[in-house]
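Look at the two complexes coming up: chain A is in both, with chain B in one and chain C in the other.
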Partner chain A sequence: MNQGLVADVIVIGAGIIGAACAQALARRGLRVLVLDAGLQGATAAGMGHLLVLDDNPAELALSQYSLQRWREQAPGLPEGCAYRNNGTLWLAANAEEMAVAHSKYLDLQTQGVACELIARNALRVREPELREGLEGGLLINGDGILYAPATANWMLDTAGIEQRRARVSEVDGNRVCLDDGQWLSAEAVILANGIQASDLCPELPIEPKKGHLLITDRYPGKVTHTLVELGYVTSAHNATGPSTACNIQPRPTGQLFIGASRQFGTTDPQVEGWMLAKMLKRAAEYMPGLAQLNGIRAWTGFRAASPDGLPLIGEHPSRKGLWLAVGHEGLGVTTAPGTADLLVAQLFNETPPLAAQDYLPQRFLGEAVYA
Partner chain B sequence: MNEYADLLIIGAGPAGMSAALAAAPSGARIIVLDDNPLPGGQIWRDGPLARLPNQARKMRERLHTHSNIHHHAGTRVIACSGPRQLLVEDADHGWLIGYDKLILCTGARELLLPFPGWTLPGVTGAGGLQALIKGGLPVQDQRVVIAGSGPLLLATAATAKHSGADVLHIAEQASSSAVAGFALQLPRWPGKLLQSFSLFDRHYHTGSHIVAALGNERLEGVRLRKQGKIVELACDRLACGFGLIPNTQLGQALGCALDGTALAVDVWQATGRADHYAAGECTGFGGSELALVEGAIAGHAAVNNTAAARHLWPRRARWQRFATALNRAFSLDPQLKSLAQADTLVCRCEDVPYAALAGHTEWRAAKLASRCGMGACQGRVCGGALQYLFDWQPSAPRPPFSPARIETLMCLDDTPPA
Partner chain C sequence: MPDLVLDGRALRVAEGTTVAAALALADDGCTRTSVSGQRRAPLCGMGICQECRVTIDGRRRLACQTLCQDGMQVRTRA
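For the complex of A and B:
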């Protein structure tokens, strides 16, 4: 039973990706219906770290473009979004990691990303809480932080967007079926529901990667930049087993986020004591004073990871009318503006602001079967 | 420094002390954890200006005489670190305690409801003011108003008067008929009748509730609705308590089932999880007499002395009837749900006003959007208020159950489970 078009576009998922797509479409005058099951995905659980990553050129292009868009939007963001341009300081524990910092520095400079190499003796001037003996660091000046749940809500609070709490049980091109059996149609449907996407499209190569986070009480001024170990890039990032990496982020409240962990093959949301301990020990290796701070809350979340670490952005090659914006892993908040711009350009058949090729779903799902 | 207990008791209020004393003759190695500096719980809280009842003093002395009872003061449970093992923390360090059996005597906390001005300096909980006075807060010649519901209001008034305060008004929200009906039943519990006479106060007004706390920098007065009429009184302190909320978080984390808002227990005070018992206010509000007998039953049952436990059933039944009468008489008037105004803070840790919450349909979404309950108290205060105001169920507890030093959390074994 078709009810006619309920909106120009239906977006499934009210996380930061769905919200950014909905906002971009509404700003072009489209009527957008956003459906969300209220499951609280990665947007609710993540750190809200906005960072340039350069594991490969496509990741760099998307994150660099998106960071630029965040900085442009920043003045218009309400205070509740807690945007700060505090920079990311990548920490090198040894000479090998410092060599990585150096080569990243050269690459990023070439690409026009503002960054500075921080020498051993300057590191503790910048961040006095770091332990002695670290080799140095790489500061990415343009990186920042924000509070993603409030930012998604701000995006959704745009004229032309209607939000509805509903669980989608089936998608069929440009139609969706709700839990209660009702079918809704639009010109296009955008799937932006993170790890839940594979429930609706089992062919999507998306795997949940569990992460733990802890937040401390308020300690204003202790840390300035988001502190991330370079081992994150050199080892842990590519590992297949459970891993941790030092990631310490100062919130505008003076609280500190402490991460990060990765686990595969689980969808159990429990905070696991062993992983929490492992993650905190790793962070305290870089910042020994952490041990004396109070942690007030810990939680977990699931990143929706694709096999190559890049999102799937574009029309589903075998389900005409269904558009994908999924598989962002840990970079959903960072790359939300770029994802929205890429998707909208493709929907309107315009030239996208950056090459869309590397993010097309075709790389996993094969070429389009429709004309 | 890791430890083992045959019987681990969480909380050293009346229920916890009673449980330890009941179990002690078995010779079992007993550990009692308590987050206060001295045993006694909230009702028998010690301090420079506290007057402990004889019974409390004697129980405390008896705890000391048993060499198989070990008491850790100022200690909190932070996480479940393994099957029958808890991570705990005191002021100096964190450690693990393994156990064979466990009794939860985690008590209850005051329900604090938001109303205009409730965050002004000078406004406290009713039990909170009592604790502050026992701890040495001077209230000599200060004008005090006490408002809310339940017998704790009278107990607080008595403590305040004893320390020289001028108690102007005790506003009990329950109707005069409800309170009178309850008072008429009191002869069934003669000790309580005597106690209520000693607590009786001519400034006690039924059908009376707080509307607003007034003042700029600090409390200067209160606005009350008294039998339908608005009155204002100048005062220095306002103490409010709207009843008690059972502390069930640790029990829930251990897998014990709830019955309503309290931990569910059977006739042996056993919870749904084998070898885990619960007694006292965490199983529902009933006063110290009920907590004492429940604690004793749990203590006996935990060391397999079923005869002694069974022997106490009639006494427990008697105090359960008292608890039922009490809870019925002092049930909260739904009018109290409309005290908060749009700009009244509900979460004082994160400064979240009522208006930021009222549009939501559930706790998690409201929390994410507003940061309500994300501050230092982790929703201990606003969570109870929101459960009453909107019927939002608090989310399942996650470690750390209390703010804990990161060093303590690093005591958890970091090897992945096999």
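For the complex of A and C:
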């Protein structure tokens, strides 16, 4: 470490992405300072669903690689991280969605993702709480869940990482200015602060997408897999207006997480009754017994979405020394290990474990202006 | 004067008594056992905190918001 530097690397944001990057760097022997302002984010609000998504090859590559890394790390995670490899069961409500399930099945099989098609009759054997008359499903065996805030804390509890509660007011390449006016320098600065990233870099095309979540009282044994409607792919991901999709996740405590909603153009964290109602109604269409269960908390969070749904991972092309790990939308918990590995490989000028091209910030910010 | 059953024990309470109050009269005052095995009791008393979840006639209710009814089966232990 050079004289005058507070650390080798400064990471802005102690969510799952910043924490994964910090841990990967610390494990390489670097000294890392993690700054977090304690603002509303995605990590503490989300479901902690670890899932392979295949909307495009780059999303599949990053999520598949990351899932593999989570499974490798799982035995070393403390119990509080609540990791479970319970699989995702995508639900097809009609023949059209079943055709989507089938085509996904073929694609994922080709890519080496373990999955099985579940026929209409077998569906309620696997998940008796589902309503009758669903067409079938696609089970992604390697998917899982974890408790993201505890996992981020576990990552940050690595030798070589120092954490500080501080709000960054300005970034200038490899220097950051705190809101008390103090400038801190390092060899590199990593921006991993989700929807707040565009406060420091207004040129970043990051848009907040609000989501609601509800958690129930404990009802152990009702649901085994994370249940997601296939309409999630066709409606929620591609819609421009407010949307909901059935997403029911069993927690190890026996509680159920109920999602999901998406809203644009707002940063108001207020729980909105009409949206919560719409979301719960949708989930109850798939699992009618939900209506008899007690919800005990509801809250919201904000996904940091990029225009193409892929994160920005790499050095900022016009701010030398500033590295980006932002724009993960709803997939940040899943893709944190892959993001960290990609970023660290680029920082060390090594060959990354998967092609970095599709995630480079250059696709939005133009080519590098420095040599 | 409703007659109810708390964890298998019969209890008669005054009209208008909440389940939370009945539990305080008859038992340890707790409504459930937490995921880590601790007993949990009513806290806010106004239906907000969700601490006083209790099983009444097979359904999960809030003890502080539920009045005792004749024949109620209240269960606080698994």
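Quick note on the criterion: the second predicted complex is superposed on the first by the 367 of 371 C-alpha atoms of A that agree within 3 Å, B and C clash if a C-alpha of one lies under 4 Å from a C-alpha of the other, contacts with A are read in each partner's own complex, and residues count from 1 in each chain.
One rule holds for everything that comes next: a contact is a pair of C-beta atoms (placed from the backbone, for glycine too) under 8 Å apart; a residue touches a chain by one contact, two chains touch by 3 or more.
Fair warning: this is a prediction, and the values are worked out from it, not measured in the lab.
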Clash or fit, chain B versus chain C on superposed chain A: clash
Partner chain(s) touched by A:V271 [first = chain B, second = chain C, both, neither]: first
More chain A residues in contact [chain B versus chain C]: B
First (chain B), second (chain C), both or neither touched by A:A150: first
Touched partner set for A:L30, first chain B, second chain C, both or neither: neither
Contacts of A:Q40 with chain B and chain C, given as first, second, both or neither: first
Which superposed partner A:L293 touches (first chain B, second chain C, both, neither): both
Which superposed partner A:L138 touches (first chain B, second chain C, both, neither): neither
Touching partner for A:A20 - first (chain B), second (chain C), both, neither: neither
Colliding region between chain C and chain B, picked from 24-32, 78-86, 96-104 or 132-140 after the shared-chain fit: 132-140
Intersection of the chain A residues that touch chain B with those that touch chain C: 217-218, 292-294, 296-297
Touch list for chain B against partner chain A, complex: 79-81, 87, 361-362, 364-365, 368-369, 374-376, 378, 398-400, 403-407, 409-417
Residues on chain A engaged by chain C in the complex (per definition of touch): 217-218, 253-254, 292-294, 296-297
Complex interface listing, chain A residues touching chain B: 38, 40, 44, 149-150, 153, 165, 214-218, 242, 258, 270-271, 273-278, 280-281, 284, 290-299
Parts of chain C lying in touch with chain A, wherever the complex brings them together: 35, 50, 53, 59-61
